[in-house]
Amino acid sequence: MTKRVALLYGLMCLVLIAIGFLQSWNVAFGIFNLCVISAVMALGVNMQWGYAGLFNVGVMGFTALGGLTAVLVSMPPVGEAWAAAGGDIALSLLSLAATIVAVIYARRFVHPALKLPVTLVLLLAGYFLIGVFFGPATDAIESIDPALSGYLGGAGLPVLVAWPLAGLVAAGGGWLIGRIALGLRADYLAIATLGISEIIIAIIKYEEWLSRGVKNVTGIPRPVPYEVDLIESEWFISLANFFGATEISDAASLFVKLCYAVLFVIVLAIIMWFAERALKSPWGRMMRAIRDNRDAAAAMGKDVKRRHLQTFVLGCAVCGIAGAMLTTLDGQLTPTSYIPLRYTFLIWVMVILGGSGNNWGSILGGFIIWFLWVEAEPFGNWFMSTITAPLGEGSELAQHLVAGAAYMRYLMMGAILLIVMRFAPKGLIPEATNRSTAMTRSS
Amino acid sequence: GASAQEQVKIGMLQGFTGPTESLVKPMALGGELAIKEVSDSGLLLGGREVVSVRGDSTCIDAAAATAAADRLVTSDGVHGINGATCSGATTAILNNVVRANGIVMISPSATSPALSEIEDDGYFFRTAPSDARQGQIIAEILDRRGIKSAALTYTNNDYGKGLADAIQAAYEAKGGKITAVAAHEDGKADYSAEIGTLASAGGEVLIVAGYLDQGGKGIIQASLDTGAFDKFVLPDGMVGEALTDNFGDMLDGSIGTNPGTDSPGASMLAELASGKGFKGDDPYVPEAYDASALLLLAMQSAGSTDSAVYKDHILKVANAPGEKIYPGELAKALQILADGGDIDYVGGTALELIEPGESAGSFRETEIKGGKWETEMYH
Amino acid sequence: MSFLSATGMTGGYGGSDILHDCTITVEKGEIAVVVGPNGAGKSTAMKAVFGMLNLREGSVVLDGKDITNLAPQERVPEGMGFVPQNRNVFVSMTVEENLDMGAFIRKDDKIEETKQQIFDLFPILGEKRNQPAGELSGGQRQQVAVGRALMTQPKLLMLDEPTAGVSPIVMDELFDKIVEVARTGVAILMVEQNARQALEIADHGFVLVQGRNRFTDTGEALLANEEVRRSFLGG
Amino acid sequence: MIRVENIAKNFGGIQAVDGVSLSIEKGSITGLIGPNGAGKTTLFNIIAGVFPPSSGKIFLDDEDVTHLEPHELFHKGLLRTFQIAHEFSTLSVLDNLMVVPGNQPGEQLRHSWFNYSRVKEIEAQNYERALEVIDFLEIDHIKHELAGNLSGGQKKLLELGRTMMVEPKIVFLDEVGAGVNRTLLNTIATSIKRLNEERDYTFCLIEHDMDFIASLCDPVIVMAEGKVLTQGTIEEVKNNEEVIEAYLGTGRKHERKVPS
Amino acid sequence: MEILNALALFTNFVVVPATAYGAQLALGALGVTLIFGILRFANFAHGELMSFGTMITILVTWFLQNMGVSIDPFPTALLALPIGVLAAISMALVMDRMVFRFYRKQRSNPIVFAIVSVGVMFLIAGIIRIVIGPADQSFADGERFIIGAIDSRRALGLDEGIAIKQSQLITVVVTAIVVAWLFWFLQKTRSGKAMRAYSDDEDLALLSGINPERVVMICWIIAAALAAIAGTLYGLDKTYKPFIFLQILLPIFAATILGGIGQPVGAILGAFIVAFSEVTVTYAFKKFLTYLGPTDWAPDGLVQLLSTDYKFAVSFIILVAVLLIRPTGIIRGKVI
């Protein structure tokens, strides 16, 4: 780590500590936790863009897949739903499998000219066959106590299990999408991934039997204790007293946040270790070569397509893990909250502001942008009330401005983003490109 | 003196930015109107000043909403929360902040049926009724008016979906026919596709379970433009002057329902608000006013700003027995409570809280006549 | 003072200096050739003359006017035309449009005439006039680039390795054309690796090594110089 | 070694290569010359798998490689350089070279994560080799410079340097000489010869510098307008009327202009 | 008769709205594609620029309406539009001077420009909301319909009417004019060629004597003017609401890229594909078929390919499919 990195990280720490003193430690750690999650997402995007130059604007979709996995793993199964429709669901899965097998089999053995029509016919037949079982099944599931459940529920496992699984699911999604779209370049890939991520969200929104759709899944079990339980437990009270806590409920919620913080930091550290190792090894060099000039890289024997797919999948997996972490922390899955501005563009801002191609930069970017996203609001309120103070209570302009204080949030976000980018146009911690890779220097 | 005492802080935690930004602006003003009224009366807990602290729940970003709530509670030290706006954000805040810190939260607008059942340790209330109830009311109205078939569209979130489900179930139980159901996303640029489908399915009326300044409006506009439907059934999210201002008498014959009774509360609030430069009868503005009022009245009744203490007084001040309290009469109510009397807060929504702490949901049926909302009857 | 005199140029791309007190001059109607090993700073010197490099020291004077502080696009109307070494055609524009862009600042009505001359000089360009330049072969592109510069009808024509990648027959024509252009009173400054042919037609030659002037003499003299031949012209 | 049968390629109406058949003998240094736009680069691109031919077949050691991808051909020992330099612009010169060797364990994630010592070991070997190449090309002073910042000729050298990082069976050089200083080009010619003689590399090179071709190549293939015009030793080709007319020109001396 | 009814139905619910919507998207996409093609970055602030121009137009419209000025039967907003256009242009130029020029000098990566434009987007979004607030604003006046559903029913003597709004017609006409002009401008005029040259290679453009700052300025002027026009026409047809402009950016970008970056004609095609795929693919053919089928015969279901739930998904699937066939857009566009 260079001096600059240390300095910037130190500053970020100081700012969070200042928040701890000025606002409260609960706020500080609340922000910190989401900073870490944002940092993980930023790492994922950085792998794709910073390492390989893949313009993935579908981050939102993979985050959502992660979130969905958290629900499917951790929520208790809805017994009645399974009882009512388990058979039909199994049958539709079977017909799905049968369709796939039939298509693959047919494509292998049918005359090339007939391939397309046969495939289409088989797919159509499969579609109807699945529909026969699937339609009634979903209707049955969705009609079971729709206000509270109306979906299949999950596997009832500890939510921590969901985190690595979310990585796998997102990786699977990434693989599929990568196979389809990675042939596209630059912005064309961007819009395709954006589109695909919207499709993923649409599925999560409308396939209620699976995800409860827009009715949201709430009350996802936590990996950490509940505050209400803590407040009542002996050991916690004595612990709180030991640290001289005045408000036991404050202490409890702080303790919960700390527990999350520990979990998140562990995940971040593990991902970071893998990411840095990869980047600093010949693999990273190869990825940069591919990014710089894929034709030349191909001529040098690098399998560009496979490598792109590999990094794409890895990046997606990381975003998926972050998505599961976020859903765990929120305690709920709200499909309507997945909008590109928040889950894609904001992450991109993090990566670029931090310095693309540099993992440390991405993490820092995640911290700074999330911090701004949350703190721009009180800062904006404060700013508005300060500048309108001299205008006096009665002034209409002042009233108009104060009423608009909430929108200072946009202004602040914009202004600070522009200012930071002005002073660090290559990002705060730019990719180290002026020297040969670390390994060549050390050897 | 009294002024030396600590301020009472109410968190105004609403979706100031994001998809509900335009709904929320007057809501927050409504909520703050009650706060100002109480503060100016100088009667709360021996003359303590009351201030509102705003926080942005963004409506859709659960994480940002939680962060804002955290800040209000642990940094600004609010004594109660008026919010949040949307059911999703409300649930997140409830689980992660309200229960964690033991603070009372009253939502003026989170209407998802799921919130009735959620574990809240007694800290969460809402001045809006659950959507489950409104579905029944609408079914009854349609039945009474002899409308045999209807197309249905809803805003694609927990509110819209929950309400649409409720309407469909209740209406079909009464023998009505829903010809088609199509969700619409708020904030989209065009709604022709939805209208095309709904028009093709037909139906005597179109039920629009959305928001009047969001997709709901777009849907109505597109229907009128193409001549697909000219009569609409408009649940609470669609009832507001903004709609009639915009479409005038083109909507004549359309039916609206929103929480309300024949109590004069709503119009009193409208009057109060018009003095302050906003509309008191915009959606959820009365609910927001009532939420603030309830918080403060309960504190007065309990003689404490401690959530754990005053949470048990909310139902008490909201319901009979006692003197009926209307908007603008908060000073009177504070005085009665200070004197040890009982009140029955009616407020702008004819509030009646039922277990587990939500509005019972008396509804007002309106019809648009000559470009104006006219009250037909109460349910 | 010479028509173009770029004297004492010192500067680089932001890092350490590439040019050190480098001087290049050309007279009207003369051909000056810059030669030197790869990475000597020949292209850098050309860019410096054209104002695409921030000089720390030194000045560029054209026709008695100090243009050291003019932006590149402002030097074009002063009568300078330049064909850079790389990226010297508009790849998405057709051959003809490329030539038109060369005449961008011309206000006279002889543009079509000049274009015809260029098509005569490089027949292949006439054939491919409606093809995007990006789809041309390497040598064809080079011809487009030179053609574009000729379209400008500059007073000083600067060419950075105009013959790289062109076939021998085209190279001959090109050199002939350059001589012809010079005869009309245009000053020509070019960098060449086909140095022997270039020096043959040159009035002056500059040998640059590591950003410094190493030898400066007439073309003939340089060709005759044993050391120059061995170290820079390939024996 | 390489056999090209009846290759044709057209780009939306433009017939760039029009039925070319040729073969390159093992151990030879074959020259490919022809006027600008003759289709030489296009032919190289087809052989190297950049795009498929419109028709025709390519065999490498009697194996049909017509539809293999560039990276697969690399691993079969076929290397090529680019006419317009394709450097990795944000990598240093050293890294540009170190990227080249195939089958580096460090390019496999599992090795770089879990088998780091082996990665380091191979890396050290490649490093040595890269230094040798750098030495050879006389670009030691810029080995840490970003390749994007190199001069035109230096980029060309780097192109050549890459081919020296591995032991290819056959190397296709597309105008390595263009823009390279003639003195250095002589050195390059010497080393091509040496690689050919000592290490048995087969070369096929496109070049417009007749001296360079003459000093190295046998046989020389001449292309024009997408077809093979003729083929033979340099002397035969040089004296071929058609070749002179289409490509070489009369080789007349430029008349010196009158000094003013 | 019945066939005519079916056709009228289809026209009214699919063709007319999709055409109008397509034209609205196209106007936005033209501006985006211009910046994309010539300044080479995805300008996320374009939506807010539209919003800003429209806001000024609205404020001026209100002023004019108060003064009693009108140009009946046309909406007053058309009278106010030039001022909105000027405001948008000023805003764009100020933003370029204060923000983008710096990165141009730095030769930053396009993605950096895109991210900075997100900053500008937030900034303008904040200003707009503070000035005019987040709520819906109606400012349309003048004649609404050229022909209403009921009138056309009578006129055609059919059961189904075709409603055409004035705003729809204006939008379509304006779009046609603008794209023709833009095409001519870029291909034929000196400035247009300079812009294309600049977009191809900045350095080389300098060598031709093109003043880059002038090119950039012209580019912004056209883009901003288009933005204000697009926003206002959209507002006249649908509604003005600041939040919409964040959302509308998505289909606009989809149209731009689908059509081929930097290709005005492509942007138009892309916009219509996006619009028609949204409206058509999920269309329920029930009533349509009812007209065609024998009397008393009516399909049970809605006869819909896919439920409208998936209308966005479908339009994106079409988008991805088109891109897979034409990887750089319908009209071969830039790869940046």
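Annotations
Going by the order they are written in, the chains are A, B, C, D and E; count residues from 1 in each one.
What we mean here is this: contacts are C-beta pairs under 8 Å (C-beta built on N, C-alpha and C of every residue); 3 or more make two chains touch, one makes a residue touch a chain.
The chain list, named the UniProt way, goes like this: A, E = Branched-chain amino acid ABC transporter permease; C, D = Branched-chain amino acid ABC transporter ATPase.
The structure displayed is predicted, hence computed values, not measured ones.
Contacts with subunit C and subunit E are shared by no chain at all.
The chains in contact with subunit B and with subunit C alike are E.
Relative to the C-alpha centre of subunit A, the farthest chain centre belongs to C. Among the other chains, the CA centroid farthest from that of subunit D is the one of B. Separating the centre of subunit A from that of subunit E, both taken as means of CA atoms, is a distance of 31 Å.
The mean-CA centres of subunit A and subunit C are about 54 angstrom from one another, to the nearest whole unit. Centre-to-centre, using mean CA coordinates, subunit B is 35 Å away from subunit E. Among the residues of subunit A, those in touch with two or more other chains are 205-206, 403, 407, 409-410.
Applying the touch definition to all chain combinations yields A-B, A-D, A-E, B-E, C-D, C-E. The residues of subunit A lying in touch with subunit E in their complex are 49, 55, 180-181, 183-188, 190-192, 194-196, 198-199, 202-203, 205-206, 340-341, 345, 348-349, 352-353, 356, 400-401, 403-404, 407-415, 417-418, 421-422, 425-426. Contact residues on subunit A toward subunit B in their complex (touch as defined above): 22-27, 30-31, 34, 37, 146-148, 205-206, 213-216, 218-219, 226-228, 249-250, 252-253, 256, 326, 329-332, 334, 336-337, 339, 342, 373-374, 377-378, 381, 403, 405-407, 409-410. Residues 36, 42, 44, 99, 102-103, 106, 108, 111-112, 114-116, 118-127, 129-131, 133-134, 246, 250, 253-254, 257-258, 261, 307, 309-310, 312-313, 316-317, 319-320, 323-324, 327-329, 333, 335-336 of subunit E are the ones that touch subunit A when the two sit in their complex.
Of all residues in subunit C, only 13, 27-31, 36-44, 85-86, 124, 131, 135-140, 142-143, 160-161, 164-173, 175-176, 179, 182-183, 193-197, 200-201, 203, 230-235 touch subunit D in the complex they form.
Of all residues in subunit B, only 18-19, 21-22, 25, 156, 180, 182-185, 187-190, 192-197, 199-202, 213, 217-218, 221-222, 225-228, 242, 245-246 touch subunit E in the complex they form.
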